[in-house]
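Shared between the two complexes below is subunit A, which has subunit B as its partner in the first and subunit C in the second.
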Partner chain A sequence: MKRGRNIEPWLKKEWIAEQKIYRIDPDKKEKAMAEIRAEAKEQVLWYQPGLPEIMAGQLQYLSAGYWILQGALLAVMLAVMYWMNRNAEDAMACMAAGSAFAAFAGVTGIQELGRSMAYHMTELEQTFYLNIKQMLALRMILFAGMDLLFLTVLAILTRQGTDWGIGELCIYLLVPFAASHIVYFSVLTLVKNRRARYIQTGAAILSVVISMMPAMVQEAYRTASVPVWTGILVCMLAVLGIQIRTLLQKAAKGELLCWN
Partner chain B sequence: MLELTLDRLTKRYHNKIALDQVSTEFTQGVYGLLGANGAGKTTMLRLLCDILDPTEGEVLCNGTPIRRLGGEYRRLLGYLPQDFGYYPDFTALRYLRYIAALKALPPQTARDKVEECICLTGLKGEEKQKIRTYSGGMLRRLGVAQALLNDPRILIMDEPTSGLDPRERIRFRNIISSLSRDRIIILSTHIVSDVEYIADEILLLRAGQLIQKGTVTEVAEQVKGRVWECMVSPAEAEELGQKYAVANLKNLAGMVKVRIVSDEKPIPQAEEAEPALEDVYLYYFDQAGPQKRQTYGENPYERKENVDVSDRAL
Partner chain C sequence: MEDRKLIREIQKGNKELLNVIAEKYYDDIYRFCCFQTGNPVQAYDLAQETFLKFIRMADRYQYRNLKGYLLTIARNCCIDYYRENARSIPGVDEFPEEGREDERLAGLELRECIQQAIQQLPPEQREAVVLYYYYDIKLREIAQMTQTGVSTVKSRIRQGKLKLKRWIEEEEFK
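This part shows the complex of A and B:
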């Protein structure tokens, strides 16, 4: 309707005239802004690193010795297994060599794990955002991953010189691997100084020697023995689980960390 | 404002009580924790840092147990242990970056803070050297630098100046003084001069018990009338040394000026002297024979319930 159209501009004018013009008070504005700034300053924004960043940090600061030893072990393993596959007539010799490398595989990780204790760093590291329990857990996951990669390569190479299936071979290699880790975790907190490395290396050599013994018994690697090996592996993994849990509990309680 | 509360904190190791029902509060300022070896200072600091689990009682940060806060409490913390560990093959720069990563500092902040702490602690120019080449003083400065990386609201240092020469000690005191605003700083030491000039409050720990807490003046006031000075012959000085706790001996033209801490006047010509913090330390922690213990009172190792820490607990 035309009447509606005529009223609108009139209403608008009236409306505008009736509106109070709001002037901004600069003092009040400054006071309000100062309060907001003070509140904002009080807010603490914490930086939360994600798991990939934490893992990358852990990898970045592993000792050069760890990488060198791990690389050397890998190189020696590749060379020895390659030679054995080409020249060894007996599959048991390949198996013995594979078991020895499986037993030795974890020693570099354990030495790295014990590094904090060897250099009196545990007490200090317990007070960081990531405490010792969390760091130990992260490092164990990292080293387990690297050891599994190592074992995978070892299993592939050992299979080339033997007739066993890959599953069966994995069990034969995991048993000395688990057994040696039980020994390593037992000696990890035995000595809390730099002599610990020698004890751990000694334990590694002993584990290697023991791991090669089943290869002297032909019947040990028959298919009928697989359930026995599997049972032994399950028991060893259970023991290992208990050891790791005890270690982490001790780390949380604190007595493991302090020297006096 | 941040407040740390110790609520009947106790730590027992098998048959030994390392810390015994300690209750106190810490707010902004510098606190000096004094005590002889084995008094429980390190145990108390470790409990404050969440390194050890208490046997009884708890540590509260703004009313919340620190065990529950976990990493969020540790973010506020900077700690320098008595036995400061480091990886010798690391350079100082790499070491501080490593610590910054473990303290969950953002990468850019970590770089800036590492640079700042290196400058603050006077390690500029030495940061690319391997830590194994560092002197004792430089190691301690590195320890202070790592404790400050995360700009901690709670700074705890256990015997921070042990092994340092006087110049390093002064440098350390100046650093702490410059940091004391808006922070809780707790320094444990058995070297009185480390805290005498910078501490807002002194806590005296003996046999796991908190026996005194107050400003330097308040604590020194407790031994007013128990500090004596006299000039004696060397033979007399030796005799006095066997009977009383001697705070200082000075040879002066054939005579000896002796400063003694004792409840009773040691000799008639002794004059009362103004007590200092060192006298307080000697009064409470001198462990000479049974005669002297009797001078001080009861067996200090006997466990007491509900000890009023404002009184001399002897």
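This part shows the complex of A and C:
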């Protein structure tokens, strides 16, 4: 439906402005504007940034160490998997390497999350628009996104050296990934200060070693074992869900922050 | 400054810009309230109420068409006013039977005739015609404001315009 150029003159907006009945009394308008100005002066505005702005803000506060470590891990993974696909004869070796990287994938994110627990007040004020729970949840979402990217690349690379289908491979990689996260979350709030980082790194190494163990058992990666792997994965995801929920609840209550 | 930037600045804490929005759109909102109520005196209060409500919700406002948003608030203020005063929106009670509208418009000057004719339209048609022609609101936005479909809005505009045209042409030929 077009307004068009040939509409009747009394349907044009300029016509309205000219009509006496619709002309505005300046005194009455000024009186109304005074009330509006008074209300505007009294109003307290709470700035609510949008999600993209919040995400950008959170990315800004991730340490350089996180990005360097993540980049280095990716580079090493690409190099190792590329070499294994070319030179390794045994698919189990590829699987073991893939599992190890999957187990190690989350360590940089969890360590960065650990830093969130040790923020000073100025940093907290800079994330003023979020409470601690929201900040932690947002960071976990960011890290999960990056881990997902990491795992996707890993799955593609591992598949090149094996005969498994992509679905099956994803399950084999997600189990060590989830298991290592359960371990990391368990140690995340065990100890604060500098010792925490050593304990978390130790947990990471332990997770990597354990993740490579199924590769020693040929039968572990048979198609018939997929339901077992799936069951284990589901249980692990449930445990992970409980851990994350507990972590967020503790953060909201302030227990974690008091440890500093 | 364009509306989107105004809103962004306001939501960052620059409260003075709320007055800029009020200055910019007061006349439009006042005239819309005149159309809705047929009462220029009441329209001042309703226009003021519209901006007071906007200011109170400014920090939660998610930018879309600001003028459309203000008109929606104004529309709701007019509806609330009539509910509280237990009156129907003008035009419904006063709307004569089909085919007898010319009795009311007879004897008026053309200009007055047009004004009266607009007020005589059924409220839904008047609202649609006013928003579409006088405020350049898009069909989809009118549909959202009035919680109807686009085809319903088109139909109301078409019927409203035809009625106005017929009444006014009949008056011109007298």
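By our rule, the second predicted complex is superposed on the first by the 209 of 260 C-alpha atoms of A that agree within 3 Å, B and C clash if a C-alpha of one lies under 4 Å from a C-alpha of the other, contacts with A are read in each partner's own complex, and residues count from 1 in each chain.
Heads up, the rule we're going with is that contacts are C-beta pairs under 8 Å (C-beta built on N, C-alpha and C of every residue); 3 or more make two chains touch, one makes a residue touch a chain.
Computed from a predicted structure; not experimentally measured.
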Subunit B versus subunit C as contact partner of A:Arg197, first or second or both or neither: neither
Subunit B versus subunit C as contact partner of A:Ala64, first or second or both or neither: first
Touching partner for A:Lys250 - first (subunit B), second (subunit C), both, neither: neither
Subunit B versus subunit C as contact partner of A:Met135, first or second or both or neither: first
Which of subunit B and subunit C A:Trp46 touches, first, second, both or neither: both
On subunit A, positions contacted by subunit B and by subunit C: 46-48
In the complex, subunit A residues that touch subunit C: 1, 3, 7-8, 10-13, 16-17, 19, 21-22, 24-25, 28-29, 31-33, 35-37, 39-41, 43, 45-48
Subunit A-facing residues of subunit B, complex: 42, 46, 49-53, 70-72, 74-75, 77, 79, 81, 83-89, 94, 98-99, 101-106, 109, 146
In the complex with subunit A, residue positions of subunit C that touch it: 10-13, 15-16, 18-19, 22-23, 26-27, 30-31, 34, 40, 44-45, 47-48, 51-52, 55-56, 58-60, 111, 114-115, 129, 132-136, 139, 154, 157-158, 161, 164-165, 168
Residues of subunit A touching subunit B in the complex: 46-49, 57, 60-61, 63-64, 115-116, 119-131, 135, 252-255, 257-260
